[in-house]
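Below, subunit A partners subunit B and then partners subunit C, in two separate complexes.
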Partner chain A sequence: MTSTTSTPLSGTGRLKQSATSAGNTSRRRIRKDLLRSRIAAWTAILVIGAFGLLPVYWLLATALSSPEDAFQFPPKLIPTHITFSNFTALADNDQLIKYMINSLVVASITAVLSVVVATYMGYSFSKFRYRGRRSLMHMVLASQMFPQALLLVTLYAVFSSFGLLNTYTALVLSFTTFTMPLCVWMLKGIFDTIPDALLEAASIDGASRWRTLHSIVAPLAAPGMIAAGLFAFVRGWNDFIFAVTLADKEKQTLPPGLVSTYIGEFQAAWPELMAASLVVSIPVVVAFMFLQRYLVGGMTAGSVK
Partner chain B sequence: MSTAAPPRKAAPHRERTGGRLSNGAFALLLTAPGIALFATIIIYPLVSALFTGFFKQDLRLPGREFVGLDNFAYWLDGDFLTILKQTLVFTVGATLVPFVLGFALALALNSGLKGSGFMRGLFLFPWVIPGVVVSFLWMWIFNANYGVLNGILMDTGIIDESVSWLGRPGTAMLAVIITKTWASFPWMMVMLLAGLQTVPKELHEAASIDGAGAIRRFFAVTWPQVRGVASIVLLLEFIWNFQHFDTIYVLTGGGPAGATETFATAVYQTAFKGFDIGRATALGGLWMLLLLLLVAVYLRITERKGDA
Partner chain C sequence: MTTSGISRRGALRMFGIGALGVAGVGALGACAPSPSNSGSSSNGGDTKSKDFDFTSWSLNEEAARPSIEKIIAAWEKAEKSKVRAVSYPYNEYLSQLTLKLGGGETTGAIHLDIAWLAAVAQMGKLADLGSVAPKGGYTDVALKSGVYDGKQYGLPWNTGSIGVIANSKLLEKAGIKKHPTTVEEFEDALRALKGLGGGVVPYAAATKVAQLKDIFPWMQTFGCTLMDGQKVTIGDDASVDAVTWYKKLHDARLIAADVDRFDARALFGQGKAAFYDDAVIGKGVTSAQSKDKTLADAMQPMQRPVLRSGDRPQALLWGGVIAIVNGKGQDAATQFALHTTSDLATTSEYFATRALPPSTTAGLADPKVAKDTFTTEWTEKITKTATGSPFWQFAQNAQIEEAVAKQVQAVLVGKSKPKDAMKKAGEEVAALIKR
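Up next is the complex of A and B:
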């Protein structure tokens, strides 16, 4: 890598020689630097890696432990009796299955609603210039940063007066407060990448603006729309604060459902809770495997968390 | 702040065949469903929250009574400063610690090691799993009777007897910050890694040949290139943590003895345990005022970065 820098200007032999020896020193220095940075890098990875991944190991180990092993002190770092009974027990728990269905329904509807509304809004923000556009965009961006706990207090009062508490509607609408802004920004970023020339061509060919959006732009943006929908789904699936407050046992989603099922006044059933936690995480982890590609771009565009 | 450069010119996307709407009107029509939804579920509740702070109102009952600034006085004469202090301790801790960890990891993964792509994916796990699961897991790790943390610390002789990490005022905040750190350092890592990857390798080599040491190279070459990403990441995380709810609520509920009470938990508990919506929204108003300042700073910074 250093050969170009150490290539001497053609000149006298003496010059040539000194340049080469300078090249050697710098090569040696770089090699030493490289070794040092390798050591530093591995130290960081091992230390932070232990902090990051040991809890994951513990989640898995506990989920696979029998209650006898789990409730032992000091804990057994490597479970001796591996069992899947904690997972099979979940399938027999009708209430948990109900929570899971609620989660699937609410998160899916939230995702579809958010993407549809955000597609129009994002398209408008991306391809048109008009008065008030900037303020609207700022409003959408800033709305993500208002405190959910406060929003929730008055949303509760609003839903209560319309008789919407304990309904899917209340959950979908409240989830939309944080999924829609994110979808708008992601989709605006995606429409920005579609060249204006394409829209011009469509309009010259006589396509109406609606037709251009629905039959030309939307199919091109489809992968991005799916990504935005998945993000919204995950956020809805993960929500705790709205679901725990706006819905009762009948309509509650998984995250608060797990709290009410396992964290009681009595001793929590930790191995089962860890197994349930793993199951809850599966759709999210799978979604993110698909989303890897959009992750950084989407996050920087929409300030998603 | 989008990664792709947005088109600057006005889109010459003009209706040629019989459109009755001007382009501006068409564009506004597109935003109409979004605006309607926004107005109903975000703006109206937030504005109404600001007014409710001046009333005495029970969350479960319809009527209310105007009490002026009573609700605000209740907080300002009472716990406001304690809650503000604790919110700041949590926010600063849960922002800076994961930033340092995420940055260190990003630098390590960016140094050209084999398998860093795979490791990046692996390290994402804590960030990807649902927040409630994160809280459960750490509750179990911190558990006073069977917790693995106590087990390890006693095995290694660091402590003599089990500590109730979440049950003691002195350690509860630390435990909450550690939990939140675990959940957010991977996000910091991904963002900073993306920033680092824009730094041309040649710059490092050139600086190295010129004899700059690792620290010198960091401040002269690396930092200027990631400063933009770093400031956005820090500010966003600060704003999010300032209003964070889940981790604290599930782990401690604001306890023990109010030691982890933040604006989020205090507003929530006042409204849904005390049913005092007037007091809850009054505290919420004060909280929002502080948040607005932060958001203004955020918009300032993103604005400068381009077509925000």
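Up next is the complex of A and C:
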């Protein structure tokens, strides 16, 4: 019969075993720590994700609820009876389509105007040295310090005098007052990153300043310009107070239009409002999906030199 | 080391430029040609013009728009005139109206909440309708709702009040045979209702800042006048007693935390609240969003309980008036306002679609209105003794209500004592009035 008892290990063997066991323990500990940190990271991601996505979920859940369910108190996290009637009702509302077209027109023109003007201003601030340049730069930024109400009252008086009230022009010009300063600074930062040597080389090759800006600088700064344009578009798309004050029903944009349609003196039609908000946010979401890489690149382009 | 890129000198420069800019913007606005001198946008102009504007927030609202458009269309056809309908969202209405009235953009007839009349009248642009009002046959209480500083600036369109609505089914369940008439009886009723269990909030009273102005009628119930001449009386013993009582209800869970008008309607609609405060229109609004289709029958108007038997029940006057802007289309707009607010057929039809009580004696007596027992009882029990807020005369009314509401909420959440809070509220209101 063969004995199965193990032979005692020699000193080296013991050392090896203890080293192996220590290695195993350390690996286990490392694995455990890794697992723990992964769990912590995932928990953090889930919590932050839930925090960020809850409003979107709430928007969707309310849009899919009947008015009776939407007014449940305390509110229910998961709707019990799902209905699409709030979405189908939108199709019958011509006025909302009109508001949406107004928003698209006004926000798009605002974005284009802001980028065009900001490109020239930003380029001038970045690449030319002249007296009063810094003051001008600060003046552009300082305009952001004005309370919106102050600007609004003044713009109202000015537009009224020039017969511009209730026109797209009034909306575009007023939106540009708050989109352009940040666009200028954003683009100036981007132009700062373009080496002067490139411009000098273009000049030596015979390109005029105009040509240099349009053929060399602008293509390089395109991601930043798109980012600035998106920023201006979203600000214009979301504005409420300027739109409600400076435009009548014919030229009204979506934010005041939605409030006018669904929030009344006695009742707020939350499910319909949420359904409408969801539908009208689709163009912006789609635009972001296509242009987000430019947005991230453009936003950070001027941050590191 | 990272820097912001803006030096101290730069920051100072920006500050200086900002200050100059603010002054510049103000100057630019001031230098802009006055709209009143610019022809079409003037609220001066041809007072005899048959065409005029009608501004109303209700023209935005699905429930109201068709019936108002019908009134306008009928007027245009009969008078061969053109009425331009203008509207802004209710929550933005006063600020938009103030801006546009000041800028000369608003002409003709304007629909006003009675709480806003004083603020708008103070702008000096409204016509005195004193000679027209007697032709309407309005009730006394309705007529008074259009008066500011002794002048009739508004013709009353709908006159009601904010009072207490009771759920008779829940009261019955709790063994409450009749509406409580005193504060003591009310408290007993609330305790009995609490005994029903099932998450019942006996009184869905406002506890959120947005609607805590509902405390004012309770303060008045306890004897606080809110104002005595030009002196603010919030902070007196009566107001402290009222808030102490409210806190007692809150701590005993007879009223719930974080409730505004929307929540109160939702609770009441689900049969989880036996009493709540609302305007007369609350019946339609709350029953429409309730799954219980029999709720409307169970809703009853209730006089606000009084401190001692024989006291006058308190309620806040509520309603809308039509005012006329001096200038273009003034005469035709005045006739339109008179017709809209007092023509029997027009007011009865408007009542049939919106359940808003007419402001004329004939309108209230009309069979279409009289057969609606909820409205007639409301008018008899609540509107009869309702009064306007003394703070409505101040343009800072909204800030006043908010200042008091914040102090009351501080008491409810235990951050402040009723006496300290009311003293502070009184001081804040006094400061706002002086501004």
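In the analysis below, the second predicted complex is superposed on the first by the 216 of 305 C-alpha atoms of A that agree within 3 Å, B and C clash if a C-alpha of one lies under 4 Å from a C-alpha of the other, contacts with A are read in each partner's own complex, and residues count from 1 in each chain.
Please note the rule applied: contacts are C-beta pairs under 8 Å (C-beta built on N, C-alpha and C of every residue); 3 or more make two chains touch, one makes a residue touch a chain.
Predicted model only: the values in this text are computed from it and were never measured.
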Partner chain in contact with A:Gly49 - subunit B first, subunit C second, else both or neither: first
Applying the document's definition of touch, where does A:Tyr168 land relative to subunit B and subunit C: first, second, both, or neither? neither
Go through the superposed model and pick first if A:Ser126 touches only subunit B, second if only subunit C, both, or neither. first
Once chain A of both complexes is superposed, is A:Phe87 in touch with subunit B (first), subunit C (second), both, or neither? neither
One more residue to check, A:Thr261. First (subunit B), second (subunit C), both or neither? second
Once chain A of both complexes is superposed, is A:Pro67 in touch with subunit B (first), subunit C (second), both, or neither? second
Subunit B or subunit C: which reaches more residues on subunit A? B
Contacts of subunit A common to subunit B and subunit C in the A-superposed view 71-73, 138-139, 141-143, 145-146, 150-151, 153-154, 156-158, 161, 245, 256, 259, 263, 268
Subunit C-touching residues of subunit A, taken from the complex the two chains share: 67-68, 71-73, 134-135, 138-139, 141-143, 145-146, 150-151, 153-154, 156-158, 160-161, 163, 165, 244-245, 248-249, 256, 259-261, 263-269
Under the stated contact criterion, what part of subunit A meets subunit B in this complex? 1-2, 5, 26, 29-30, 33, 36-38, 40-42, 44-45, 48-49, 51-53, 55-56, 58-59, 62, 70-75, 77, 116-118, 120-121, 123-133, 136-143, 145-158, 161, 173-174, 176-177, 180, 184-185, 188-189, 192-193, 196, 199-200, 203-204, 206, 208-209, 212, 237-238, 240-241, 245, 255-256, 258-259, 262-263, 268, 270, 273-274, 277, 280-281, 284-285, 288, 292, 295-297, 299-301, 303, 305
Under the stated contact criterion, what part of subunit C meets subunit A in this complex? 10, 13-15, 17-18, 21-22, 25-26, 28-29, 32-35, 38, 40-41, 57-58, 60-64, 86-92, 96, 99, 103-105, 262-263, 265-267, 269-270, 272, 279, 281, 285, 288-291
Under the definition above, what is the set of subunit B residues touching subunit A in their complex? 1-7, 9-19, 23-24, 26-28, 30-31, 33-35, 37-38, 40-42, 44-46, 48-49, 52, 59, 62, 101, 104-105, 107-109, 111, 113, 119, 121-126, 128-133, 136-141, 143, 145-148, 150-151, 154-155, 162, 182, 185-187, 190-191, 194, 205-206, 208-209, 211, 214, 229, 232, 236, 239-240, 243, 245-246, 249-250, 263-265, 267-268, 271-272, 277, 280-281, 284, 287-288, 291, 294-295, 298-299, 302, 308
